[in-house]
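Consider the two complexes below, in which subunit A is the common component and subunit B and subunit C are the respective partners.
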Partner chain A sequence: MSPILLLILFSIFSGLLICVVDRKWAPHLSLATSVISLLYYLFLLIDFEPSGGAAHLFQANWIPGINASFSVALDAQNVLLLLLSFLVLPMGILASWSDTVQRNREYYALMSWGSAALTGFFASQNPFSFYLFFELALIPFYLIVLLYGGAYRRPAVFKFFLYTVFGSFLMLAAIIYLYAVVPDTDINWATAVAEKLGPDNQLWIFGALFIAFAIKSPLFPFHTWQADLYSEGDRPAVMVIAGVLSKMGVFGFIRFYDFVPSALESMRYVIIPLCIIGILYGALVAWRQTVMTRILAYSSLSHMGMIAAALFSGTMVGMQGSLYQMFTHGILAASLFFVVDAIIRRTENTSVYGSAGLAQANPRLSVYFFIIVLASIGLPLTSGFIGEFYMLWGLTQTNIWYGAFAGVSIILGAIYMLRFYQKSVFGEMQSDKVRNFGHLILAEDYVLVVVVILVLSFGFFPGTWMDLTHQAFAQLIQK
Partner chain B sequence: MNSEFLIHLILWAPLVGFAINGIFGSSFSGKTAGFIACLGPLTGFVSTVLLWSGFDQTIQINYYRWFGTPDSFSVDFSVMVDQLTLLMLFIVTGVGTLIHLYSVGYMEHDKGFVRFMSYLNLFIFSMLLLVMGSNLVMLFAGWEGVGLCSFLLIGFWYKNPDYNKAARKAFVMNRIGDLGFMLGIFLLGLEFRTLDIPTLLSSMEHIESGDPKIILITILLFIGVTGKSAQIPLFTWLPDAMAGPTPVSALIHAATMVTAGIYLVARMSGLFNLAPFTLDVIAWVGLATAFVAATIALRQNDIKKVLAYSTVSQLGFMAVALGCAAYSTAIFHVMTHAFFKALLFLGAGSVIHGLHGEQDISKMGGLRNAMKSTHLVFLIGTLAIAGVPPLAGFFSKDEILAAAFSHSIWYFVILALTAVLTAWYMFRLYFATFHGSYRGSKETEAGIHESGLVMLAPLFVLAFLSVVGGFAGMPETISSKHLVSDFLKPVVADHAHSVSHSFEYILWGVTLVLLVLIVWLTNKMYSVNSAEVFRSGSGWVGRILEGKYYLDEIYETLISGPLRSTGTWFKNVMDPGVIDQAVKLPGLVFRNAGVALRPLQSGIISWYMISIVLGLLAMIYLFLF
Partner chain C sequence: MLSMIVLTVAGVLALFLGFTKTKSLILPVAMLGVLASAAAYYFYQSLWGEWLLGMMGTFGSPSVFVGLLLACTFVILPFLNVYKLRGGGELGDFTGIILFSVIGGMMMVSHQDLMILFLGIEILSIAMYILAGADRRVIQSNEAAIKYFIMGAFASAIFLFGVGLYYVSTGSFKIFDVKIIAPELYSISILVLFAGLAFKLALAPFHFWAPDVYQGAPTIFTAVMATLVKIAGFGALFQLFRYHAGFVSEWIYWMMILLALLSMLIGNIMAFSQTSVKRLLSYSGIVQAGFILIGFLHTRIENTWMVAYYLVAYVLASLASFFVIYFVENKKGSDDIGEFKGLYYQNPVLAVVFTIALVSFGGVPLTAGFMAKLFVLNHAAGFGSPALVLVSLVLAVASMYYYFKLINQFYTSDESGVKSWDISWGYKGMLIVLSVLTLFLGLYPYGIYPWIS
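Take a look at the complex of A and B:
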């Protein structure tokens, strides 16, 4: 059996198992299965050959009538994102350990199924599987937020759901149209479609896909569901949403890249400026926020804008940076939510001012936090720098003004992240909650040490991964 | 010893020190931590001396391939040591070691002692990356690294919100410059397909002077320089950086980090020589910076602020030298400035330490009796920076003036005027601090004490260097050998003209006369018993100078304020009120449509019957006609 299919089935099966075991074992079982998945995936990576095309391919005839197949595999484009989703899931589960009373068996089962859907999504090799998992991934996280979120979760999650589903329908329509144009979904489908579609039709298709993916990422101005969901959602689930689900949209652009090449070419000069507006807009709003989760939401908006802009630059370097940054940002966004969760749980205050003096109360957490902050503002020798360097290079290569304006985010990023850090960590201790902050629990220590190791090793040794991202786009760019 | 091994030692020793103190420091005694911290730069310094003694050619070490993309660029994690690097290594590790030693005494009672020492080590490591990096990305990594350490050290006393603000300001102002630097790197890479510095410089040969692309690139790089080396318009962070403990001011904001920009231009001199326009820009920015900062220093009463503005002004001098394509002169001044400015800052630290934190010179005075050693070294520092022959500052400043003169009379006039101002504010500072009588409160007077040996020893070494350091670069009129520029010749492409001997003699004569006059005047004005003379003036010139030309206020009004309110407006109005409303619009339409159509579902059977009949009639009508 294909190991990728095995990973998907394993997550589904472990979700079922979690449902039936004694409820006190559910968190442990959930953690164990997610770590097993991660280790097995790492084992797969050892002899993965990125230049060899799709590896561990599983293909099955799914809807014979329209010749749609179900196919998943490991390839150069998805290898980092699969790694991301396997890394973030155990982090999220460990974050949830602080309160396993509220979170019952169903919670962990949903997490497992969410993981299965994400694996399937990134691994999918054609638009039909892609669409299937795109929709499937929504359901577990929708349910988790609905069942375990904060007080105002209902409107937040409702907006999120409707908005995303609206985008999905556009995507579905686009895919059906593509099928109508060339009813043959084999490996060269994209090329055939691209040849047959006129530039005008390409524009329509591109428009539909763009809205779907822009909502999912989200990109400015389709982002208004984001801050509410990030603040009201159950934070371990938000870690996965901010870290992994937010990458689905941009990943979609990569997957559909060669269906609509001429539309991409002509729309580049509209989309990149729009993304840059989003970068600056997100950064400015993040600067003025005082609620920690909202700062992170708008910071994500800004980062995702950059990732999309670099992808649309159409340059090899920019696209490589975009893919690399998707991974890095995923890790960083998830770990920032992890840190913020650790703080809010103890201080019961979501404001940045609520934890002033943390540096004295818990220096250890403050140091971890600082390293993550540095990586997210792209300090050299951290993972954040590499992606940012590549992305800005690519944008500059397209047009120096793109590079200059998008580059303003390295200034604004420093402003809002350092402000965030200083307000929430430095200063005098104000409240007793901070004074009695207490130690980190072992699970928190483990997660944060792993994150720091990741941040530094992906900053010091990005070479192999960068070659991999080069493989990911080598064929796309040649066309 | 193997020179590659020495380079490994120089680069990694401070990082190891940082790691040891950073991870295990909490369980160390202060002495152990201090010892480990000092060992880092000391190892570096000893290795530098050994390396220098056996140095014959550029050494490059490739650790591994960092990242790269075929056909675009390939960046190695690599370092190199040539003459320019070697000279910088002497400054960084030498002055760095002294400041580490001094800090052990200065910070011993601080609760964050270990943290402080480990930050210093991290700073040295970043600075070493910067001067040793053999490609622009390595250099940039060090460049950002010193920015980070500067942030950590300025905001070292993190409980104080003002200090935090100063730290953030330093980082952000630097980042503005860094954006320029980064864009410059991109354009260079796109143009030449490499970021390796020696390869880049050797591919400059077929480029014509004045190529617009090169001008753009050099201007972008220079924007980076204005951030790091505190030039107009980005210099305002440096005076605020005095929030950090005094050794920080000495190490970072005088002797090393701020010279990074000067180093960068000297390092890329082959590139800058192709852009005469950029050189003019650099010279003018340098002139403006030197002059403006010197005038502000005239009216400051905080001992550290005076020195901070003096640093900005001296960096302006260096920029002028760069602008005149006298790169080795600029580096020479970097060196002498590192000696006397570190000396002055550490001397000021000793004064502040002795007065239990007092920094206001209007509350000092007469300290020459209570702090004899500090007084002596501070005097030497003052003489050196004022350019009294034959101290270090005299030779390097003389060389810059000569270069300016050979370039343009205007450069010379402005710079000479600034040199006069320099002497004025420095002697004002000196007399106000050490002469006259003590103007502080009686209680504090009893507590005045001289600093301990661990703080004084580095001061004596620096004082010695401030006296003799200038002999490394004597003008032609005295000696035919200019040690610094001869040493740097293979790697730095100077383009400066020399001046006639008679000009030199006139310059020295005038300098001496002016200095005597300034000393006499400042002594009369500021060796006083009352603080009257330090009160703020009533004239508008005085007010502008005291207000630092209101640059911070101008930036706040024109840039940060509007940006902040834009952000607030986006957050409060644009996001919830416009974008989100637009998203909700379809929902609203459907809901209202529902409300409007609801009466149709009235539940009255007869009404449904009538509707059916009417509908049928309508359909029949449509079909038949």
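Take a look at the complex of A and C:
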């Protein structure tokens, strides 16, 4: 059996198992299974050859009537994102660790199923499996937020759900059309479809796909669900949503690149400026927020805009940077939510001013926090820098003004992140809750040490991974 | 024919057992009757390929729809047991009536002659009028019965008018070997026949009776109406159109598209603001019927499976949801949307079963409802109408709104302090089987392909 399929099935069955074990053991079991998945995946990476095309391919005829097959594999494009999803899941489970009482077995089972859907999504090799998992990944997280989120979660999650479902139905229409245009899905299917569609029809297909992916990412102006969901959702789940689910949209653009090449070419000059507006807008709004989770939400909007803009630049370096940054931003967004969760849980205050004086109360957390903040600003020698640098390089190659405007976001990013850090960590200690902040629990220490190691090692040694991203786009660019 | 005789005997037996003291025998006898009827149908099919001088036939699609009807009846019958708990005086009557209505349904789906179709419609409808008024002491139930009866009689008249036109334009009641004398009149006759059936199927704009009747009828019989009548009606429509697909003019199909879109649109708009769950589901049924109708564009015998698949998905979800509504209504005395608040914390099985049914209605992947929508939309794309695909998809998303509004209720913790309650394992098992089937068909749609093609 293909190891990728094995990983999906493993997550599904561990979710079922979690449903039936004793309540006390559910968190432990779910942590164990997520770590096993991660280790097994790392083991798979050892002998993975990026230039060799799809590895560990599993393909099954699923619905012969419309030529839809189910196929998952490991390839150069999804290798980093699968790694991301396997890394973020144990982080999320550990974030829930200090508060396992309120979360019962269903919570961990849903986490497992969510992970299965995400694995399937990134590993999928054709539009049909892609769509299936795209939609499926939504449901576990929808339910988690619905069952365990904050006071105003209902309207937030409902908005999120309707937006996403609207987008994904548009995408379904596009996919049905793709299968109807050229029913014969062999190796050169995408090219055949693109030829048969012609530039005009490609625009329609691209439009439907763009709205679906822009909602999911989210990109400006389809982002209005984001801040509400991020601030009201259950934070461990939001870690996964901000870290991994938000990458699904941009990843979709990579996957459908072949089907709509000429539409991409002609729409580039509309979409990149739109993304740049989103970059600046997100950064400016994040600057003026006082709720921690909202700052992170708008910073995410800004970063995702940058990633999408670089991807649409169509240059090799831009796309490489964008793929690399998807991974980095995933880790950083998840760990920022992790830190914020650790703070909010103890101070019971979501405002940035609520935890003033944290530097004295818990210097250790403050240091971890600082490293993560620096990485998300894109300081050299952290993983954030490489991605930002490549992306800006790519954008500048397309048009120097794109590079210039997008580059402003680095400065704005530094402003809002440092303001965030300054307000929340330094200053006069005002609340007793901060004074009695206490130590980090072991789970938190583990996660933060791992994140710091990841951030630094990806910053110091980007070479191997950059080669990987080069392989990912080598074929796309040639065409 | 043998299968109908078997079913009639079982129905009469059920009626008579209702007079005696052995009421516990009624349902087993009825279920055995259904099984025997199915066996008779499938093992003696070659002997009885054409019945009543070719007025009925089993070639192709009818056998699929008859199978669906019998399977659906087989699932519904055990739930009638709830009437035994209430004294059981009426159980025999209800069981018998349902079996007779199935006979009507079988006549409808296997008709080759419009007279048989009309007889089938009447047999099915009269049974349904009675069932709608089964709760004699409840005024809404009486209202439902009267309303259904008057509207149904009106629809029958329209249908008969169509039959008359058909006879004038072709010189025969037979639906095959058509010799068209007056082409324009012929097309109009098909349209009027279609309108008569659309009444029975509650397709907009012929849907006005449906919400009141669904709401007023006892919930178990609402389930019967939502499933048996739809299967029979769509089966009859399929049988009619598969013989005439080549003759009717193209504008009939555009009328069909119009009706499908209207059903989806009106059903959705009306469902948005419903507070009664049964009413909500009746409007959702109108939306689903609109989707099924898309499968009838350029009807061909090869498309049987697509329509049948949608019906299976629809029936599974409808049965599950109406039975859940029955249990909640029985517990709390109302089917108001507020009564479903916190259902998950009171009775997790019912909540999960209902959730799966609703997401299947909405068309979320890995449920049967998704695959069903996919197949009909794929068909619509093949028909060459991307706009239809797009509009129906948008309407499908709109329908998610009220399904998920309802689902949200289940998982909202309820402060009213209702303790958790339970239903017996038999019903629970049946409901779980319905949900599992929904998921299984969503995962592996070709699991039932050999059965329905």
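Definition applied: the second predicted complex is superposed on the first by the 479 of 479 C-alpha atoms of A that agree within 3 Å, B and C clash if a C-alpha of one lies under 4 Å from a C-alpha of the other, contacts with A are read in each partner's own complex, and residues count from 1 in each chain.
As a convention for this text, a contact is a pair of C-beta atoms (placed from the backbone, for glycine too) under 8 Å apart; a residue touches a chain by one contact, two chains touch by 3 or more.
This is a predicted model, so every value here is computed, not measured.
Once the two complexes are overlaid through subunit A, subunit B and subunit C fit side by side, free of any clash as defined at the top of the document.
The angle formed at subunit A by the C-alpha centres of subunit B and subunit C is 160 degrees to the nearest 10.
By the document's definition of touching, neither partner reaches A:Val88: not subunit B, not subunit C. In the superposition on chain A, A:Ala194 makes contact with neither subunit B nor subunit C.
In the superposed model, A:Pro64 makes contact with subunit C only, not with subunit B.
Once the two complexes are overlaid on the shared chain, A:Ala309 sits clear of subunit B and of subunit C alike.
Counted by residues of subunit A touched, the larger count belongs to B, out of subunit B and subunit C. Touch criterion met: A:Leu381 reaches subunit B, while subunit C stays clear of it. Of the two partner chains, subunit B is the only one touched by A:Gln397; subunit C is not.
Superposition on chain A places subunit B within reach of subunit C only down to 5 Å, the least C-alpha distance between them.
Residues 162 of subunit A are contacted both by subunit B in one complex and by subunit C in the other. Across the complex, subunit C is touched by residues 63-66, 131-132, 135-136, 139, 143, 146-147, 154, 158, 161-162, 165-166, 169-170, 172-173, 176-177, 179-180 of subunit A. The touching residues of subunit A, when paired with subunit B in their complex, are 159, 162-163, 221-225, 227, 281, 284-285, 287-289, 316-317, 320, 357, 359, 374, 379-381, 385-386, 389-390, 392-393, 396-397, 400, 403-404, 407-408, 410-411, 414-415, 418-419, 422, 425-428, 460-463, 466, 470. Subunit C meets subunit A in the complex at residues 359, 364-366, 371, 374-375, 377-378, 381-382, 386, 389-390, 393-394, 396-397, 400-401, 404-405, 408, 411-412, 445-446.
Per the touch definition, subunit B reaches subunit A in the complex via residues 64-72, 77, 137, 140-141, 144-145, 148, 151, 155, 158-159, 161, 164, 167-168, 171-172, 175-176, 178-179, 182-183, 186-187, 189-190, 563-564, 566-568, 570-571, 575-576, 579-580, 582-583, 587.
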